[in-house]
Amino acid sequence: MKSLTSHYDSLFLHVVTKAIVPLIQIFALYVITHGHYSPGGGFQGGVMMAASILLLRITLGEASYRRFPREAGLAIAGVATLLFCLLGFASVVFGGNFLEYGMAVPGADPVRLRYWGIFWAEVFIGFLVWGALVAIYDALVTGGVE
Amino acid sequence: MRFASILLLAAVGGFLLWGSGDLPQRGDPESPASTGISTYYIQNAYHDSDTPNMVTAVLADYRGFDTFGEAVVVTAAALSCLVILLRRRRREDGSETGVFPDLDGDAPGGAA
Amino acid sequence: MIGQLDFWLMLVLLLFALIALEVRDLLAAVGVLTGYSFLMALLFAELGAPDVALTEAALGAGLTGVFFLVALSFFDRESED
Amino acid sequence: MTVEFIEIARYPYILIVALLLVGLYGMTVKRNLLKKVIGMTIFQTSIYLLFIQGATKQGATIPVLDPALGNEDPTLYMNPLPQVIVLTALVVGVAITAVALSLLVLLYRRYGTLDEVELLRRMKEQAS
Amino acid sequence: MSQIPALIPTSLLLFALVSLLVGLRSARGAQLLAVAGMLFAFGVSALGLREVAFGGDTLRYAVGNWLPPIGIEFVFDSLAAYMTTLLTFTGAVVTVYAPKALAAETDGRQGMVYPSMLLVLAGLTGMCVTGDIFNLYVFLEVAALAAYALLALGERGAPVATLRYLLFGAVGGGFYLLGVAYLYFAAGTLNMAELATLLPELQESRAVIVAAVLMVLGLAIKMALFPMHFWLPDVYTNTASVPAALIAPIMTKVSAYAIIRLWLDVFPPGFFTEGVPIAAAIGWFSAAGILYGSVLAIAQHDYRRMLAYSSVGQLGYIGLGIGLANPIAMVGALLHIVNHAFMKGLLFMVGGVIKLRTGRTRIPEFVGIGRAMPWTMVAFTIGALAMVGIPPTAGFFSKWYLLLGSAEAGAWVWFAVIVASSLLSAIYFFRVIEMIYRDPERDSAVKDREPVEADGAPVSMAVPIGIMAGGIMVAGIFNVLIVRALLESVVAPLAGGG
Amino acid sequence: MMDPTFAWQPVVAVFVSAVAAILLSLTGEKRRNLRDSWTILAALIKFGAVFSMVPGVLAGETFEATLVEISPGIEFALRVDAAGILFAMSASFLWILTSFYAFGYMRGGNEVKQTRFFAMLATCLSATIGLCFSANLFTFVVFYEILSIATYPLVTHSGSDKAYAMGRQYLIYAITAGMALVAGMALVWQAAGTLEFQPGGFLDADMGTGMLWAIFLCFAIGFGVKAGVMPLHSWLPNAMIAPTPVSALLHAVAVVKAGVFGFVRLTGYTFGPELMGAIGAAAALAAFAGATILLASFIALTKDDLKARLAYSTVGHLSYIVLGIALLTPQAMLGGAYHMVTHAAMKITLFFCAGAIYVHTGKKKISQLDGIGRQMPLTLAAFTVGAVGLVGVPTVGGFISKWYLAAGAVDAGQLIFLGVFLVSGLLNAAYLLPIATRAFLRTSEDHPVRNEASPLMVVPIAVTMLLALMLGLHPDGIFQFFSIAELIVSDVTGTTFGEGGTP
């Protein structure tokens, strides 16, 4: 079996990948942001985002690390989870409970606020799943450094 | 050993099936789960948060803390994989390298 | 929605699961496992859970398979049992 | 074709328990550690399946609000709660699998085998 | 509404995430954040403890202000306050202790270890405060995942042991989840309080019985109750000192706590004792585990392996308290959770100091440490005496309550087991004490062994050890304060023959 | 907590030496004069505190101090009564002497780890006094366990293989005993719902004979180990591996007497004499004690090592006390209680002498002692006084206690025990007096010059010898031991004594 860690020297593959990755990512973003209306949401979209990066990793090899550095995965995951956490705390500031989106902005319509709260939650989930899965891949692909 | 485990598995299976006898029939609309709290979600998800997809509403709002916990699980898994697989070496000047130190400049695997 | 399709799907799932465990070539096992996850996604969709189906397809059949393959690329492919 | 006995026999439970047992069998009897991890995924998915099949209602549709159906009658939609639970549990399961695989990679690097018996033998050898 | 219940796990998570980001660049920063986070959570827990213990009522907190059973509820009663305070206290102490040992044992991954420690704590505190059976599962896995990473640090065999733990843990978690499924489909809710109102009518349901057995079984695997303990000794032996000091004292106890919680707050009174003999089964397995763990601990030469087997035995005390099912024994079990956390934390931390200063882990090589690091060894001796159960250390009192409980229940076999196990633990701990104070110059039995020449513990490690040793004494002498303020109300439901 | 009846004296008496233990271990090996002065200071304060309570106790006053509630319904409390003060007086007084003696012994022998030695000795004393003043069984057991554990480093003090082996044996016995006590205590709590000591006992017969026997057995094992009742005695001669001051103070006075004192508390204050007699426990105890007296005396005859012989003598004499208690008659009890004091004074004299001989000449065996009386006449004179006292010759304290013991046996109608006392008196003479005769009457060439051990050792020997004599000549002398012993018996049995100890 060809090692997954080396890249493929095929121009065709490179071109197709570079063309396809943004498409996947746009679709992934669509999935993330349309969790309200249709099946899908942060997890599914995040996995797709991660899949696009993995496609880059597998076909481009080393070059992909310039587009998406190794440390970015964990950093994105960390920041996104942190933002999710802060989203939860937003309402606490105004006297609500943790994750009470309806209180996050004083005076606004709670129903709309919840809508946007869910939206942002999904976005953060999408990003953190994206980052985390890429980070896991990047860790696994090193094969363990001793 | 092998025989013993299979016997144990059979016991577990029998026990589970015995218990499932009192679970509601497949697709029963009158089952406790179908008449319990889930009716609230079905009836109010759209009113409460303008979200037609009830799963999303439950996931991110009603039971948002589960989802938050799950988000943390994913991050924790990423962190765990890194902690397990990577080591950070000190550079000769004493400063620390990044998370992926030994690979700086190497091919992306660094391993066979 | 509730038909007999899911009965047969479950039977096939069972079969896939057994094959994934019994086959000696680990690559084949991982391949079968991916197929298993995909069928599972199908079953979820059939049982009226599209969100879960989508997730299972993307995560279970997609990324988990990739992770397994990456790990497998380091391992000996033959298994003793 | 109509298979009435299937309805009577509560077949989903039987099959799900069978699947669960196959997973557990993989975890307990198989010696190869990767097989154990595969068994673990099978075991976990069977639990998800139990949740999902319990969420079904005869004649209901997916839990996305259909303006034509309205939201007054809960029997028209599948139960969303178990689906949410499964979504969460599924991601947790994948996270566990990923960590298991990293451990496998690390221990293969150290001992060069995935076979449980052989592994223990080599550990003992290195310890002494 | 008081924010305390939510603040404990979420603040730990927040600090974990921030220290994760900081830790990518600076291990020192991550450690400071970890200490800050633990102390903050400890402060909040202590405030909550004060409020609950002296203000009277249980704090109930609806996350997202969705009243249960719609949303997830946190229940911060005196038991939860008791546990979170203990957990965050232990966490803070170990985090202060950590840097030197980690630097020696983890090849510069410290920056990523601190967030893991915080995540473990967040998961465990979350398990304590939650009032929702599925949310408990999520936190269980948060703690477990972070713990796997920590435990895989360490010696060569660590990943193997951790993988075994992971597989066992996955089965345990899976069984618990399966139990949740059965319970949910039988009762239709996930909220503990609502389940408690629904289940009395469903007591006869086979599904509920199976659910109870599965949930307890799953948690028992995580708790390393005797026949399911196989993963534990290897894990504690192979891991690095800091994870051992963090995880050994608290992790298994939280699963025990979850069992107690299910029993007292979810299932109907008497269900575990009369409906299904779960309590008795736990008790018998624990009794066997006490003897098994103690006997095997005697056979060990590796210090940490000995402690690990002793943990198997000590967990049996908690299980015995559950099995006896009367208030006084339950007080003993709950008290033992705290006492054992202090004792094991102390002993593992001392092991870490010895390893750091001398590189030794085997007991026969400990010759002369008593002279090299006298004060550390005084602390060790206090810990060991507490493990044996010498008054007035804390370890005595949990055994005392358990003895009273088994006398009250007329469980004379268990009574004898508790008495006998003290003797067994005396054997294996005094073996170490003897070795520590032996002097090769005057003692022909050890004259070919090289005595330890080493410095005492560094301040950052000595202070946590001292705190733990002090904690053992204080928890012993003032145990009545704990019992009166917190535990009596917790165990009250058991008084009615339940 | 600070109720009006809170008395400081017992608290001070118990904890002063614990404080001293901490202070002296902080002071350390380098400043040993300062370190040793902590010991002396604590010993004097302790004795003062104990002594100041004697008049009060004799006047029927009780001193109580409740420190902390240690388990629901059980308090960690101190209370001073006649039994406690009797034991506390002898222990705290002898600690002063032992301290001086130990300075001489340790410095003379250039022992290592002296700091640990004195710290542990102080801890042991703290526990002993705590034990005396315990108001309830729980407090008693706490101090009992502390005493057991704190003795361990003293037993293994020399750091040799043999010391560790003996230490291990000691520990197994001690922990077993401790666990038996804790188990017994749990049973008492289950049966009675209280652990508070009461003169005349607080258990009663309707708890069921089986339960009472279980309780009795647990305690008999627990105390029997410490008191060296056969067959639980074998640790005691082996523990003589410890330095002599330890053997003297702990294995003749504090630790072993703690076991005997435990029997006093058990019989007099937990079961009550009537209940003990009613269930037959007293008879069993008496049988074991009687057998121990004879067997131990026979074994002592065969020992050539001086300390070993003294150790077996101790085993025998401890059983005198136990037997006295177990006979349950007022006179026997009075004899037993008084023997606690007289035996302490006589036996510590003998041990001090043995230690002085060892440090000064390096001799351990009796067969090496020929003619040593000419070298160390004062020491050996003291030895002789102690020896004849143990035999039961009038003018030394031992006579009086033995007299009452024998009278009690007659009183109880148990003539067999009278026989035991007589035979063992002869045996005592057979194994102790030859040492004195050897030392003074035989000659040997190598040490004709008269030179005594250091005054730090000789003076304590002289004082204990005088104490032993005084106890025989004037039983109610300055420390009023005999009156206290009478008070104990009247507390327990309700009998009042007339002049001269007749009921």
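Going by the order they are written in, the chains are A, B, C, D, E and F; count residues from 1 in each one.
Note that a contact is a pair of C-beta atoms (placed from the backbone, for glycine too) under 8 Å apart; a residue touches a chain by one contact, two chains touch by 3 or more.
Everything numeric here is computed off the predicted structure, so don't read it as measured data.
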item	value
Any chain that touches chain E and chain B	A, D
Shortest path length from chain C to chain E (each step joins two touching chains)	2
A-E or A-B, whichever has more C-beta pairs in contact	A-B
Centre-most chain [mean C-alpha coordinates]	E
Most distant chain from chain D by Cα centroid	F
Most remote chain, CA-based centroid, reference being chain C	F
Centre-of-Cα separation between chain F and chain E, whole angstrom	43
Chain centre separation (chain B, chain F; CA means) in Å	67
Between chain C and chain B, distance of the C-alpha-averaged centres to the nearest whole Å	17
Distance from chain D to chain B - Cα centre to Cα centre, in angstrom	11
Where chain C touches two or more other chains at once, by residue number	2, 49-51, 55, 59, 63, 67, 70-72, 74
Overlap residues in chain E, where contacts from two or more other chains coincide	13, 17, 20, 24, 63-64, 134, 138, 141, 145, 148-149, 152, 159, 178, 184-185, 190
Chain A residues counted as touching two or more neighbouring chains	3, 5, 37-39, 41, 43, 71, 74, 78, 81, 85, 88, 98-99, 101, 129, 133, 136, 139-141, 143-144, 146
For the chain A and chain B complex, residues of the former touching the latter	3, 5-7, 35-39, 41-42, 57, 61-62, 64-65, 70-71, 73-74, 77-78, 80-81, 84-85, 88, 98-99, 101, 111-112, 114-115, 117-118, 121-122, 124-125, 128-129, 131-133, 135-136, 138-146
Residues of chain F that touch chain E when the two form their complex	68-72, 76, 141-142, 145-146, 149, 152-153, 156, 158-161, 164, 167-168, 171-172, 175-176, 178-180, 182-183, 186-187, 189-190
Chain E to chain D touching residues, read off their complex	134, 137-138, 141, 144-145, 148-149, 152, 156-157, 159-160, 162-163, 166-167, 170-171, 173-174, 177-178, 180-181, 184-185, 190
List of chain D residues in touch with chain B within their complex	7, 10-14, 17-18, 20-21, 24-25, 28-29, 53-60, 63-65, 71-72, 74-77, 79-85, 87-88, 91-92, 94-96, 98-99, 102-103, 105-106
Contacting residues of chain A [partner chain E, same complex]	71, 74-75, 78-79, 81-82, 85-86, 88-89, 92, 96-103
